[in-house]
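All chains are identified by letter, namely A, B, C, D, E and F, in their written order; residue positions are counted from 1 within each chain.
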Amino acid sequence: MRTHVMPEMTWPEYAEALKSNPVVFIPTGALEQHGPHLPMGLDYLVPSAIAKDVAEAVGGVVAAPVTYGYKSMTRSAGGPFFPGSTGLDGQTLSSIIRDIIRELVRHGARRICVLDGNYENLWFLNEGIDLAMREVGDKGVRVMCLQHWEFLTEETLGQVFPDGYPGIELEHAAVLETSLMMHYRPDLVLFDKVPDNAPADAPCYDTWPPRREWVAKEGSLISAKGASPEKGALIASQYLRDISAAVKHEFYELG
Amino acid sequence: MRTHVMPEMTWPEYAEALKSNPVVFIPTGALEQHGPHLPMGLDYLVPSAIAKDVAEAVGGVVAAPVTYGYKSMTRSAGGPFFPGSTGLDGQTLSSIIRDIIRELVRHGARRICVLDGNYENLWFLNEGIDLAMREVGDKGVRVMCLQHWEFLTEETLGQVFPDGYPGIELEHAAVLETSLMMHYRPDLVLFDKVPDNAPADAPCYDTWPPRREWVAKEGSLISAKGASPEKGALIASQYLRDISAAVKHEFYELG
Amino acid sequence: MRTHVMPEMTWPEYAEALKSNPVVFIPTGALEQHGPHLPMGLDYLVPSAIAKDVAEAVGGVVAAPVTYGYKSMTRSAGGPFFPGSTGLDGQTLSSIIRDIIRELVRHGARRICVLDGNYENLWFLNEGIDLAMREVGDKGVRVMCLQHWEFLTEETLGQVFPDGYPGIELEHAAVLETSLMMHYRPDLVLFDKVPDNAPADAPCYDTWPPRREWVAKEGSLISAKGASPEKGALIASQYLRDISAAVKHEFYELG
Amino acid sequence: MRTHVMPEMTWPEYAEALKSNPVVFIPTGALEQHGPHLPMGLDYLVPSAIAKDVAEAVGGVVAAPVTYGYKSMTRSAGGPFFPGSTGLDGQTLSSIIRDIIRELVRHGARRICVLDGNYENLWFLNEGIDLAMREVGDKGVRVMCLQHWEFLTEETLGQVFPDGYPGIELEHAAVLETSLMMHYRPDLVLFDKVPDNAPADAPCYDTWPPRREWVAKEGSLISAKGASPEKGALIASQYLRDISAAVKHEFYELG
Amino acid sequence: MRTHVMPEMTWPEYAEALKSNPVVFIPTGALEQHGPHLPMGLDYLVPSAIAKDVAEAVGGVVAAPVTYGYKSMTRSAGGPFFPGSTGLDGQTLSSIIRDIIRELVRHGARRICVLDGNYENLWFLNEGIDLAMREVGDKGVRVMCLQHWEFLTEETLGQVFPDGYPGIELEHAAVLETSLMMHYRPDLVLFDKVPDNAPADAPCYDTWPPRREWVAKEGSLISAKGASPEKGALIASQYLRDISAAVKHEFYELG
Amino acid sequence: MRTHVMPEMTWPEYAEALKSNPVVFIPTGALEQHGPHLPMGLDYLVPSAIAKDVAEAVGGVVAAPVTYGYKSMTRSAGGPFFPGSTGLDGQTLSSIIRDIIRELVRHGARRICVLDGNYENLWFLNEGIDLAMREVGDKGVRVMCLQHWEFLTEETLGQVFPDGYPGIELEHAAVLETSLMMHYRPDLVLFDKVPDNAPADAPCYDTWPPRREWVAKEGSLISAKGASPEKGALIASQYLRDISAAVKHEFYELG
């Protein structure tokens, strides 16, 4: 294949690719604040990059990214206080995924992997997939849905956080995302703005209206100072290995 | 501004940009076949590029593109026969636009321009805008919605089609789109695949199921042989001038 | 058949008619301003009359008209400034058409023609038809959707506009609609109120809120002075001939 | 007023009428079987006629009829066994009413009366009105919703049914509807087909799939033999008196 | 069976019960005012109790009750004036029933009986059932929908109302519901608060906003003084006999 | 208050309770498999019991439970393999919560706490709350949403799991839920069926169709053998203390 990226393919190239029943990846993300140093499109740029890596490894195709996602929650992404966080209603996001899957299946695709980069998206993606599966019926379609950080191994975390992993719940615009972005798109990182704020301090529930004081003024939930391009490369490399393995396992070994 | 492209901005940069009450552009398009020579993401890549040009000229901001659009119709885009054409349901597209506008307004934006590159999107964009306006109420929000080809002047058409303009209804994956893509993203054009097919021959109505024979096997509605990067540059330049002027007129002169 | 109009039929008459697998026409329109001289129901009255003519010619059945349609846009129908223009949400209109088609198919109808008289309806009709087709599945249903003015020939336009055709985009409550109404329902035309206003002057895009100054205070987009019952008869006669031919071609010749 | 029927009015006439804050009537009905002798549009034709009578008496306006309604239930209208009964989904009907009321209020109307002729419509009309009221907020809008047969007095019933009233639950395509149609639109009644079937015999609940044996093969729930134009005139006259009185009471006396 | 109540069953017990293709009952009700003496959950508590009685008699299963229902209407349940009446939108209620039936069918259930205790629910239940039937297709599913009071016999009414039955339209929080509650859940009845108000006096139509003066300040539509546990037992016993008979007839005799 | 449980209250009691601006709790759960020993209604029974405890402590009111919830996912609740797991569509669940909150606010409630017992519900509850907040506007409404297990302290976990806490992701129908049920409703626990299965073994992503082999045949995700009523009492007591404290903090201290 000249390219694995569907919006860059011509239709005959895509038609040709479909003959091998490839895995079609749908990168999903959001347009949302990621601290003072990271671009607001991070949540779709990162899974687009991961999906491209994996697609090249497994002979897959990467569909156009879903560039808008579900609403930012205060505890996981800073909440609605930061201009730029642009949340779709849940039903809208579920409908997008349902429609895209319906169409990919109509094209002939039978192996679909939703690769998400925005924590808050997950359940509306699940629902969209479920609605699509109900619609497409008994055609042998198989869908996989994953969020990339779920693949992080103990070993990787040990290397990225030599002083101890503070936990995924604080990893918004922090070391992991910053490192990945420094690796994939350093041109979009403001290296001199990497924040060093104290961890967000939120209780174990949500409120409406949300409370501004739960999250640092920077919008990152914890310091990102430990980030580096090398760590990003390390994570990206582990993702490539393990997500490719999982994709092969699900779609080819188990079928 | 370091960049006018919102997904590449940090949130403090966007917050700063909002202070001038800028025009926020939403490029909308589709993932859909564009003949044997053009990438399937063309319909959002082109308006993204135009919006970036105009935003730089008028001090605006370009939101993340809406990468999926309404269903391809046979007479205007070849119909569902071509793998890769990936259509959202009308309500899904309207909901996306409604949600994005609702959120931009929540950020503080008051001047919004939907810049569309997929013919079939228009009415579902209109509806999404109308639903958003009903919701946001009396906050002084003003929205403009345009499809770029509507701005083509007689003069430009005369230069691009020295032998006569066959009409917009055949201009899918043809001279205009091919030239624009040769200008904006030549890396994504297969110059050796530019088709030279006969014009599509369709009646003045639509049918379901659609009729395959109304459109050439290439998926382009007419020959694209006359395309060139120079013509693309000419069109892009006229767009920049006239869309910028319209935007300034609507949002600044009339207010 | 005693009558071709379904709401005037008894159910045994309709059951009898269905035996020949007739074309069932669904006239669609709107309740919307049509200048100072024309009734606001014009957009469903005209396609109801055309559908009746054609149904008599091809042995079809005319279902009850859809009396409300999509929202009036300023450039094509004067916009929301005129009391009486009563627009449904897009999803509502799509649902109506989807539901009616689902039911006609349940009755046993397999040939359905949506005959529209309100420009703004088209895409929501398309979507409703598409949703219905997805639902009814593989039953051999065929649907055709048309807007009557698309059938106007060069010859007819030459006779109706001896001084040159100003183009369909200005033909709201103007010479074509006025003439048709003078022909079909002269009792509903206020002959002494036929307006002679200057053409509407609108740019090539839409805005929200819409701009009142784009359209003449009368609500007609251009002078209707050239209208006459004779011209209406001429158009109606050409419609009868050509729409009947297209219907026969699609449903009987091609099947 | 030249006419009280909104789709026959021009917009300036309607604008003029609105100045007196008139009651705007929305006739609602269905396209559905009404026995071997009555037209399938009866359920919107009758309330249109009643609304016109009442509007002339109280200075009101009659909007375009809603020509499609909710699904025929076996016990009240014969069920889905009869070709021609064309039911909308509940949400579709509610959306239609919600949209129409929203628009009438936008025109300036504040007094709205939904006048229904299809038993199964009621709760979806109620819901549509409720949704509209929630939307329009605190503008002093008042809506009334009625089904015409609820206004029948003991006295009228005594005259129409000298041998005793069998009850409203059997009155589909029977004496009341047949008489009303003989009065309002005798041209649409097949006098020689008036059925004399035995009463429908259904239990006190519904089932899905419905049971064909609960209703006579004619589709009328009981004999219509006692119908006459004179009885129709009697009913119409009582309706005119009592519905006008109720409308005046609600909108003018109580306000 | 250890219990017939599904939310009290373990899944292996339910799986075992499904082997006999039992009738699965879905009790539906509301959270809504029932006068000064009755609990607001009455409308789901009563059908839950009836369903349990009937399920024990016919070997059925009772699913979890639907605890919220459609909006209280003034004429039938006092309207929105009483705090505690908590109405769902119509579409929400229809969706709940559609979803539950879809799932029961997925479990393997083929005989489903919706047993309703809230008058206003009926049509949205009907719609939900219809939507579910459309979805589940041709699997031999049969659904029955009933409101318990429809089963009251002349004989029962004669015994409960020795001085004459005032009619079902006034029986909200009155003698029937109070007696049933005194029988099923005397612990939830405030015997010293049983109201003795005059009958509600409402016309034959509805209005929005509703009129407070149509209903007594207590919220019961007529005196409940005649209620007694013995009458409740009498009604419950007749329900058990006749609803069981109807259920057996529909699901086992007719199949 | 005679009772804190709204469906057991009369409306005057609820009206009286509202005067103190109490916290109104909405218990949400599901009807879904909970292993061979626990009732399928557990997910709404437990939060109903917790909410009652807390409401008594803080002077609150407990609305009727939402008895159906979102679909069971394989990794967190065993998936769709177990008859009885009855999942609503996401939009249905969101609509229920939106509607209930809208109505509670209409009653005058301003402090609302959604107390959830079904893991999969969370994001659809979040969405329903967000939609309700958008609708009710600026009335000073505050909503809190919590899942009870999030309140478990290290100390409690240490006492409940002396051999180490296997983590919340396996706690479906396991020690925590079994203990709570043994405490609150021992009558609904089959003590002799408490399973001792091996832990579920699932990867870090989901698939459609789901994989049966990820979860033990019992439906519990790990052994429940360590459960006891005493542990249940311990947890319930800690919940009462800490949830009450959080509720007071959010609604009374912060306001």
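Annotations for the structure displayed:
The criterion applied here is as follows: a residue touches a chain if its C-beta (ideal position, glycine included) is under 8 Å from a C-beta of that chain, and two chains touch if they have at least 3 such contacts.
Since the model is a prediction, treat every value here as computed from it, not as a measurement.
Common neighbours of chain B and chain F under the contact rule above are A. Where touching is counted per the definition, the chains common to chain A and chain E are F. Ranked by how far their CA centres sit from the centre of chain F, the chains are topped by C. Chain centres here are Cα means. That of chain B falls 29 Å from that of chain C. If you average the Cα atoms of chain B and of chain D, the two centres end up 47 Å apart. A straight line joining the Cα centres of chain C and chain F is 55 Å long.
Under the contact definition stated at the top, the residues of chain F that touch 2 or more other chains are 89, 91. The touching residues of chain A, counted against chain F in their complex, run 70-71, 73, 89-91, 94, 120, 122-124, 126-127, 129-131, 133, 141-147, 150-151, 203-209, 211, 246, 250, 254. Chain E makes touch with chain F in their complex at residues 6-12, 14-15, 18, 31, 33-41, 44-45, 63-68, 80, 82-89, 91-92, 95-96, 99-100, 103-104, 106-108, 188, 190, 193, 219.
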